[in-house]
Each structure stands twice: as structure tokens, then as C-alpha cells.
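Several structures are given next for inspection.
In the two assemblies presented below, subunit A is common to both, partnered first by subunit B and then by subunit C.
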Partner chain A sequence: MGQLTPALAGGAAASPPRRIDTGKVLSLGALLAPAVLLLAVGLLWPFLMMLRMSFLDRFPDPTGLTLEFYTAVLTDTYFLRIIGRTFALGLVVTAITAVVAYPVAWYLARSRSRWKHLVFLGVISPLMVSIIVRTIGWTIILGNEGFINAMLTSLGIIDTPLRLMQSFWSVVAGMVHILIPFMVLSIASVLGKIDPSYAEAATVMGANPVRTFLKVTLPLSVQGIAAGSVIVFCLTVGAYVTPVMLGRGQVNVLAVTIHEQMVVLVDWPTGAVVAMVLTAGTMVVLTLYGLFLRRHAQR
Partner chain B sequence: MIKANPSDAVGVDLRDVQKWYGSVLAVRGVSLAIAPGEMVCLLGPSGCGKTTTLRMIAGLEKPDAGDIRIGDTLVNAVSPWKRNIGMVFQNYALFPHMTVHENVAFGLTMRNRPAGEIRAAVEDAMAQVRLAGYGDRRPSQLSGGQRQRVALARAIVTKPNVLLLDEPLAALDKKLREQMQVEIRQLQRAVGITTVFVTHDQEEALTLADRIVVMEEGQIVQIGSPADVYERPKSRFVSDFIGFTNAVGGKVVSVTGTTARIETASGHSLDIPGAEGVAAGDEVDLVVRPEKVAIDPPEGSGCVVVEGDLVHTVYSGAVTYFHVDIGRGAILIAMAPNAHGAASALPTSGARLRLGLTPDTVLVFPRRG
Partner chain C sequence: MSQPNAAAPPAARLPTSERVLNAYVIAVLVFLALPVFIVVPLAFSDDVSLSFPPRGFSLRWFANILERPEFGRAFALSAAIAIFATIVALTAGTLAALGLVRHRFPGRDATVTFFMTPLIFPAIVLGAALALMLSPLGLLRSFWGLALAHVVLTFPYVLRTALATLSEIDRALAEAAYTLGANRWKTFRHVTLPLMRPGLLAGATFALIVSFDEFTISMFLVGPGMMTLPLEMYNYAEFSLDPTIAAISTILLIITSVAIIVIEKLVGLGKQFS
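So, the complex of A and B:
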């Protein structure tokens, strides 16, 4: 039967318009299975465990469910300050990364220079070095005997070293450096796909380069900024190594607190609640991003 | 109604304009004076430098040599956003993040006009391209022809000095294209704007242009009215491009005045008037349009009769092309309208046909390379 369609061969009852192609479904399922399995085992299961733990009155050996730990965390200024600091860190790092990355992305997307490949390598270089090595590099630059303090002292601008380490901004610097490749690549991929004739049309219609950028190129590249921002924000608020190493215990963020509560203080439910706060924060950002995408898909 | 005061229209003048891309000379010394209010078509095969020439007028490319004037102003060093140009891109380049209204308003917004004036001008322009009421749509919600009209409205709403169109109809199907050709022509006449139109479609150029500029490899090879270019192409290249599909080899036997006696490869002898630039002994090509070759001409009609065997028939709807071997393998194509009768009534291969050539429709060019 030469004319047997794959759908029929797959065994599905042929009843249009809702014909299910079993063969297709099976092969799709096979393709997705590893990812689904990985997500289920590596993400969903621990998340559900954590969610449950955050409502337990004690762990191990729970005797019942309670909201006590949520109330405790969300009314304690110690935790509230950490929550605020973490999301502020996320916003600041995202904003700085976007501003720094945009011109680089522009260059990568538009330039025909033969140095472009070197710039590209430079951009992704933070990804090629271990996070510990990179952070130690920043310690060398920002430390009390570090490069910046040494230079400022020898120039006679300061006589006691500035406390560059252990500060919010040292963590920001380290995070921006680590995360900039994600932002550059997100923006560059969108910029590279924008037809140059849009900007040319704007120019011919009387828009100078600044207005062309603000009215046409920037709005058309906003998807790249959004995608990059989501990645950078989520990675920042979940970061552990950089805040610990560059903050030296002075810049407490949620990931550090979770570790502290669970591993150091062995207060599992409080740690779980903090983890839920962190998850909720990233969920909000992802939801906003989803809404944004849906709005943009319509045009 | 957007309408330029005829005295407002300005001309465009190109003098020895050159453009290099790396080591490629894309435009090699183009000189062209476009009169105020005139519609000029740049016509030529792909890669001959039409777009580059247009982009230099717009200021999107800088000429490496030569001068460009718009009106009396030398614009070589004038930024494109200060040139007051209207341009329609091949892909229209309508901003996807703006509504149709915002797209059309863009040029006026950039000129910082008051909001009320902008709204009125946009509505005016939209009405002129028969799209009133479409302002709130996104470009993606329009058909190809509608997008084309929005692009046109957006280009004329600022009352530019010059309107530039780069193959604006290439993406449309044949019927819509023909309709839009008429609309663009009417609009251009109504607005009275100096226009440069790029196309590689000879029919489009003939329909639209006041003057046609034929380009080849970065140079202008002929400038003339549509009838001029159509009837009297100046070179074998132009004749090929403009639809002289018949070419029969030959040799000049003698030249008397401007009339050349030519012995064709098929063994015929023809006296061709107006043959310039050839001398006795030259190898030449005789070119003629298929529709100028008469089939079975009446006796005494004054044309030269050649006979041959029909080797091939191409039926193409309105007309049929007959490929006739007129001797020693030389093929002459004759075209006849399918006025009456069915295709089955057409002569079949092998039939003997009499063809008539009118000498003054036959052009003589020196044999190329």
C-alpha cells in the first residue's frame, strides 16, 4: 500500500481534523525524554522536597505542617535585608551588564573587522576560566595589597588602603565580569538579525544616528536585552561563590544564607523557606519575561 | 492631498560619480541630470550598480569620486538625514514595532512637527494611497500590496525633494505589480516629485519612466525615452536586455551612405538603413524583435521575404513564438498573437514558413568579442 500515510501507518484512527500522529508523538517523546528525565530528577524532585520542607514544623522527624518559618523569615529584618540585598544585586548587575554589553554586542553584530574574532574570544573568555580562578583574580585587583590600592597609594592619593573587598560593589564587579558573555551573546544574536534597512529607512526619513538608535535599533533589540537580563538576573540572585569570596562574609545573599541555615545551623525548614523566597523571585522574573515574549510574538 | 508646488520640485545631478567596494568598482563614472519632477528608471541586470547609485543619492553610501547635487546644493558631504529624501526599500523596511500610523508619521516626528499637523498629514497620505482607516494595524497585519502602499505613503508624507524607489514591486505578483505600477505613476504625477526608480524589469521601466537609464557594469550605456530605448537600442547589450531576442550573424558587404548591405549567415542579402559604426568586411549581428517579423507577408508589402522550416513552437497564451530555420542553421523567431483559432490550428514542426523582415526594424551591431 504505497499511499499509506505515515499517520495511518502509525496506527492512529484517521478522523480529521483532530488526527494524532502516533509515530510523531512517539519520536518526539523519545527526543524529549532525556531532558524531561533530567529536569524531573534534578530539578522538580528536589524542588518539591524543598517546598514540603519549608512547611514542616521540624526536620528531620516532622510532627506537622506550619507557616511558622515563613512568618519568622518574612518578619525578621535580618532576612529581609538579605532578600533586599540579593534582588538589588540582581538588578544592579543586570543593569550594568546590559549597558556594558550593548556596545560590545553592537560591534560583534555589525563589524566586518578581522579583529572581530579576537573580541569575540575576549568576550567569552570569562567562561573559559574556572570561577574560582576568576574570583581570585578580582581579589588580586581589589584586595588591600591589591593592584588598585597599590597604585592609589604609590600615587599618594590615599595613605590607608580603601576597603574595596568585602563590599557590595566588589561583588557587583565580579558578577558583571562573570556574566557579561551571556548578555553580549543574547544581544548580539538579536542585533545581528535586524535588517540594516530599518536603520537606513529611519536615517533617510530624517533621524540622526542617536534618534535612529533610540527609536528603531534599541526597540528592535529589546528582545535580546530581555533574554540576556533574565539569564543574568537569575544567575546573579542564585550566585554563591562570588559573594562569598569577594564579599568575605560581609555581603550576605540568599544563596549564602541557604547554605548557612541548612549546613552550618542545621535549620532545614528556615533554609527551605529562604530557598522558596529565592525561587519565587526568579519565578516572577521568568513570568514577566513570558508575558513580554507573548506580547512581542504578536507582531 | 500631498502636492508639491511645481516650482518646488528640484532636479538631481550626478557628475562622474564613482563608488568602490574594496577592490570592486561598483559604479564607474555615472553622469546623469534628472529634471525637476521627472521620473527616471535605472534599468539593468543584477549587479550593474543601480542600488549603489540610488544609495549614493540618498546619502547611504559616499561616492569616492564625483559630485551629487540635489537642486543647487552639492550634497556630497550632507548627511542622509538632512537631505530630505523619500525612499522605498525593496523589502519596504516598515518598522515592525510601530503601527502603520506611526510608521507614516515617522519622518514628520523626526522633523519635530506639531502633533495636529502630523495627524492631518498622515491621514492625507494614507488616503492618497487608499489605505484610510488602516492606521492602527501593524505592518505584519497587512498584505504585500498594502505594505507597499504604506511604504509609499511614508516616503511622500514629508514632501521630500526626491523620491527613490529600489525595486519596490519585485516582491509582488504580476497582477498586483501591474496595478501598483499604474498607481505609482499616477501618484508621482499628482505629487509632481522628482523620482528615481530602480528595476531590472524592462516592461516596468517602459511603463513608468519619462526616461530610462540603462546601466551595464557600473556604467550608463544608454539614456532615452522609453520609445527611444525600446525601438533604437544603442548597443547589442541594450538590445538583448530590452527584448531583441533574435540575433543572426552576418558580414557587411558594402556600405552606401548609412545603408549597409549585409550577407547573412543564412545566405540572404539585406540592405539595412541607419547602420552606424560598421564598415565593409565587418562581422556583425543582425537583431530584430520577434514581433517585428511578419509571418506569411502579403506580396508587395515591401519587406524582405525569407523562407525556412519551422523547428519549434512555443505557445505562451496571448502569443505564440515560431522558431524557424532560415538556412544553414540560422534561427529566426517570429511572434504572432493568438488572435483566433485554437492552438491546434498552429503550423506544426517541419512546416515551411514565409517570413517578412522590414529592413528598418532590423538593427546592426558589430559582433561582440
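So, the complex of A and C:
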């Protein structure tokens, strides 16, 4: 997203300046029209319908607009707890993913090993395995009669199986697993663009490797971490399958609640309010990212 | 001895630290591959429950797939949607990328951000909102409703790779063709498009995979007789946790691996992203 901008600006610098003419504007319009139409019909319009739904006093057959459902959701400890849990899950998963992914991204960006290509395929391979399969895999690994419990029991470490499933941390494990590729790719693309001579300069000046990393390489790669974090956070807070299948009703997050309100309870206005809370959380993160990019560009 | 030039390894690449890094990378790869290593052997288990380690050897779960026509139907629907969505997203994405790279205009960055929104927009909200819109139009539980959702979802993946490839293509080549008398269409057809092909193919691969694996949005749009494969598998797993799901997964894994290897040989998928 934001990272693309410098590359695009660089491409334009090579082209000769031209004056604005109607033909150009028309051709630009024709090129962008299908995409704009697509997103207007498939994203913007349904979103606006959902936004309106969140203010309706009842559905179907609304008689007016009201803030009643917002007040109801935002003062109910049941919903507040779910909101807190969802965003906590987002933060925890983002932090763990960033820490786990960074060295792998470093390897992909810097290594000259002939295995590098295979490592890259290995990193993106989870994206090619069905989400249901991955999640069932985790159910088997973490279940009461699962892989980990069977191993620990046979080694005599535990007598009764540990309750690894149906917990916040089992959902964290499943989410981190799914989202590592996104974080690795974001960080690696930025690390790959850093001129290695900066780090060399620091080393020549007498900085030890740790200091060189903390003072030179890490700050230069912050943009990749930020871009990856936005994607990972947004995908985590909106996730449905992993919390349902690994939480088994014990880890209620916003996505599960939205589905429950709309499909099971058929309470569309409440569901729409919860959906708006989730969307607003995503927008806040995006705004923070935008501010960060602007400050980063000024430096 | 390493040569004393600018490419000399920095201090952080000392042999010991490199060994530690290699071991770490291997550990992460094992973690990433873990669920697959667990699921595939279970497809051949003789046990009726999905527990590890597998007991005995049997191919009956593969036979079970064939006995249940709903899986074949769901596979066909998922494949049709994925192919349709990829073609439409590829067309719209390539055109938009040409517009965004070749033209300067106010609000360009905002347009790129808007085009990328489906990537980070909560899928659960988009699914519910699309259901809300499609329901009065009678398009709920229809191919076209699902197709629209999947085009929107795959569009950013295609646009991103198209933008990245296009901004790296030397514009001078297209201008040379144009100067030499080729019209805009010929320039695009014979110069720009062939140069973009590897990037587009990589984007299309991602779009196909993303669409084929989509669950959350489709959950609101499917219905009896109009079920995508991930949802059919989920529904099956809700009631019977026997190794049939593992068998389907194994087949899917073989299909994707073959596809990835073919594309990797053709254009080098890794090169497109690293």
C-alpha cells in the first residue's frame, strides 16, 4: 500500500512532462472505471447499507433512526468484554508474528544461500493450504487426545491431558501460524531495499553487531514492520474460522458475535452496530498507520 | 577470504550467527508445515476418528469422497468462482494499474488506498453487508453474488502485483514502440503486456488461491445447493470428524503443489515477491 508510493514516483520521474489534455483524462477515466465501479458496487454500497442498518430502530420495516443500539452495545459488559478480547487478540498476535517473522524476513532479504528460494516457498506454503485443513491440523495437535497431549502423557510428564484447546492461546497459535507469511513478506520487501553499506559504515565506525542492528537496520525497516502489522492486525480482528474452530465457543470475538447476532439471532441492527465497532477499530489502526507514514516521510 | 569490496558480508553475518539464523529459519518452517504433516498421514488412516498417530492403512476415506457428490459439486463451484473472479480481477486490475502508473493526478495515493481496502476490510463485515445488499436483489445463494464478492476480494492481490511489475517496466520501451509507429493498442499488446506477463501470472495465482480458500464472506452468501468447498468441508467436519476431510485436504494439497511447481518453472513465483 503505502510502500508502493516511492516506487511509483520513481517511475514517473523518468517520463517527460506533458500538458494536461482531454484525451489523457478520458483514457485515465476509462482505465480506472472498471475498478472504481467494482469497489463501489461490491464494497462501498454494501458498507453504506450496513452503516444505515446500524441506525435503524428495527429491521425489517424500520420506522425511524435511532442510536439506541449503539448505546445498548457500548454499555453492555458482555459486548465490551468481547471488544476488549478481540483487540487484545489483535495486538498479541501482531506482536508475536512480528518477532517470529523478523529473522525469517532477514534471511530472505540478505542470505545468498541456494536454499533461499525453497525457504521462500516454505514461508508462503501455508497460504496454499486450505484454512479448514490448517485449523483441523491444530485441533489434532492441541486436542485432549491430540499430538502434544499424547506425547507428554507417553513421556510421563503429565497424567491428565492439558486443556490446550478452547483457550485464548490456542486461537493465538492458530492465528500466528496463518499470518506469519504476510508479516515475513512485508518486512522482507523493505529489508531488501536497505543499502547494506549503512550497516557496514556503522561497523567500520566501531559499532558492534547488536548496536548496528538496533541503531541502523531496525529503524530503517520499521516501515515494513508497520505495514505487516496493519495487515496482520486487521486480519486477526476480523477472523472467524480460527476463533470458532479452536475456541469452540469459549473464545468469543467480534466476528463470532456478528455472525451470531445476524444469522442465529437475526438481530440485524445489533449485528450492524457490532460490525461498525469492528470496522471503526480497523479504521483507527489505518489512520495511525497513515500518520506514521507521513512522519516517516518527513524525516 | 572474502573480497574487500562493498559486497563483503557485514558483521551480523558471522558464521555462528548465521548458523543460529539458519536453525531458527528451519524451526519456523517446521512450525508452518506442522498442520500439514499431521493431516496428510491421517488421510490414509484406518481409524474412524481424527487422532494422531494414524492407525493402520486404508484408502476408504478417499472412496468416501467419491460416494458423496456434494464434495464434487462444491469443488466445481469453487473452481468456477475462482477462475471467474481471477479473470475479472485481472482485467480490472491491469487496467487500473496502467492508469495509476502512467498518469499523475490529484488523489492518486487515495485511489490506491481505496483499491487496496478489500485486503484489510473485515471479511465478516463485508460478507454480512453483501448479504444485506444482495438479498433484496434475489442474488443471495447465487453464483453471481458469490462471484461479485470474490472479484472484490481478489482485486487488491492482482492490482498489487500489476502495479509492482508495471512500475519496474522500462517506459522507454513502450515509448520507442509508440515513436516507431505502433498505435496505443499495438504498443500495449506487443510490448507492455508481454513484459507484464510474469507479474500478472503471479498475481493471478494468488487470486486463485485466495478465492478458492475464501470462507468468511462466502459463509453469508451460500445456501443449499450453492456451497463452496471450504464451507462444505466445514459443514462436514461439524458433524463427523473422520479422516474424509484429511483425504480431501491431501488431494487439494497435491493440486496446489503441482500448480505452484508449474508456475514456478514458468515464471519463478519467488522472484515476483522477493
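Assume the second predicted complex is superposed on the first by the 278 of 299 C-alpha atoms of A that agree within 3 Å, B and C clash if a C-alpha of one lies under 4 Å from a C-alpha of the other, contacts with A are read in each partner's own complex, and residues count from 1 in each chain.
Following the convention adopted for this analysis, a contact is a pair of C-beta atoms (placed from the backbone, for glycine too) under 8 Å apart; a residue touches a chain by one contact, two chains touch by 3 or more.
Everything quoted here is computed from the prediction, not taken from an experiment.
K.L.:
Output check: A:291 vs subunit B and subunit C. Expected answer is one of first, second, both, neither. What do you get?
P.N.:
So A:291 meets neither subunit B nor subunit C here.
K.L.:
Determine, under the contact definition given at the top, whether A:74 touches first (subunit B), second (subunit C), both, or neither.
P.N.:
neither
K.L.:
Tell me which partner A:128 touches in the superposition: subunit B (first), subunit C (second), both or neither.
P.N.:
second
K.L.:
Classify the contacts of A:237 with the two partner chains as first (subunit B alone), second (subunit C alone), both, or neither.
P.N.:
After superposition on chain A, A:237 lies in contact with subunit C alone.
K.L.:
In the superposed arrangement, which partner chain does A:107 touch: subunit B (first), subunit C (second), both, or neither?
P.N.:
So A:107 only meets subunit C here.
K.L.:
Residues of subunit A touched: more by subunit B or subunit C?
P.N.:
Of subunit B and subunit C, more residues of subunit A lie in contact with C.
K.L.:
Using the touch definition from the top, say if A:180 reaches subunit B (first), subunit C (second), both or neither.
P.N.:
second
K.L.:
Considering only the touch criterion stated at the top, classify A:65 as touching first (subunit B), second (subunit C), both, or neither.
P.N.:
neither
K.L.:
Tell me the contact category for A:197 with respect to subunit B and subunit C: first, second, both or neither.
P.N.:
Once the two structures are laid over each other on A, A:197 reaches both partners.
K.L.:
Which subunit A residues are contacted by subunit C in one complex and by subunit B in the other?
P.N.:
197, 200, 203, 208, 212
K.L.:
Touching subunit A in the complex: which residues of subunit C?
P.N.:
Within the complex, subunit C touches subunit A at residues 6-8, 10-14, 17, 21-22, 24-25, 28-29, 31-36, 38-39, 42, 50-53, 88, 91-93, 95-96, 98-101, 103-105, 109, 111-126, 128-133, 148-149, 151-152, 155, 159-160, 163-164, 167-168, 171-172, 206, 209, 213, 215-216, 219-220, 229-230, 233-234, 237, 245-246, 249, 252-253, 256-257, 260, 264, 269-270, 273-274.
K.L.:
In the complex formed with subunit C, which residues of subunit A make contact?
P.N.:
Residues 1-2, 4-5, 7-8, 10-12, 14-15, 24, 27-28, 30-32, 34-35, 38-39, 41-43, 45-47, 49-50, 53, 100, 103-104, 106-110, 113, 116-117, 119-141, 143, 145-147, 150, 177, 180-181, 185, 188-189, 192, 196-197, 199-200, 203, 208-209, 212-213, 217, 230-231, 234-235, 237-241, 254-255, 258-259, 262-263, 268, 271-272, 275, 278-279, 282, 286 of subunit A touch subunit C in their complex.
K.L.:
Applying the document's contact rule, which stretches of subunit A touch subunit B when the two form their complex?
P.N.:
Within the complex, subunit A contacts subunit B at residues 195, 197-198, 200-208, 211-212, 215-216, 219-220, 299.
K.L.:
Can you list the residues on subunit B that touch subunit A in the complex?
P.N.:
58-60, 79-87, 89, 91, 93, 95-97, 106-107, 110-111, 138, 140, 154, 158
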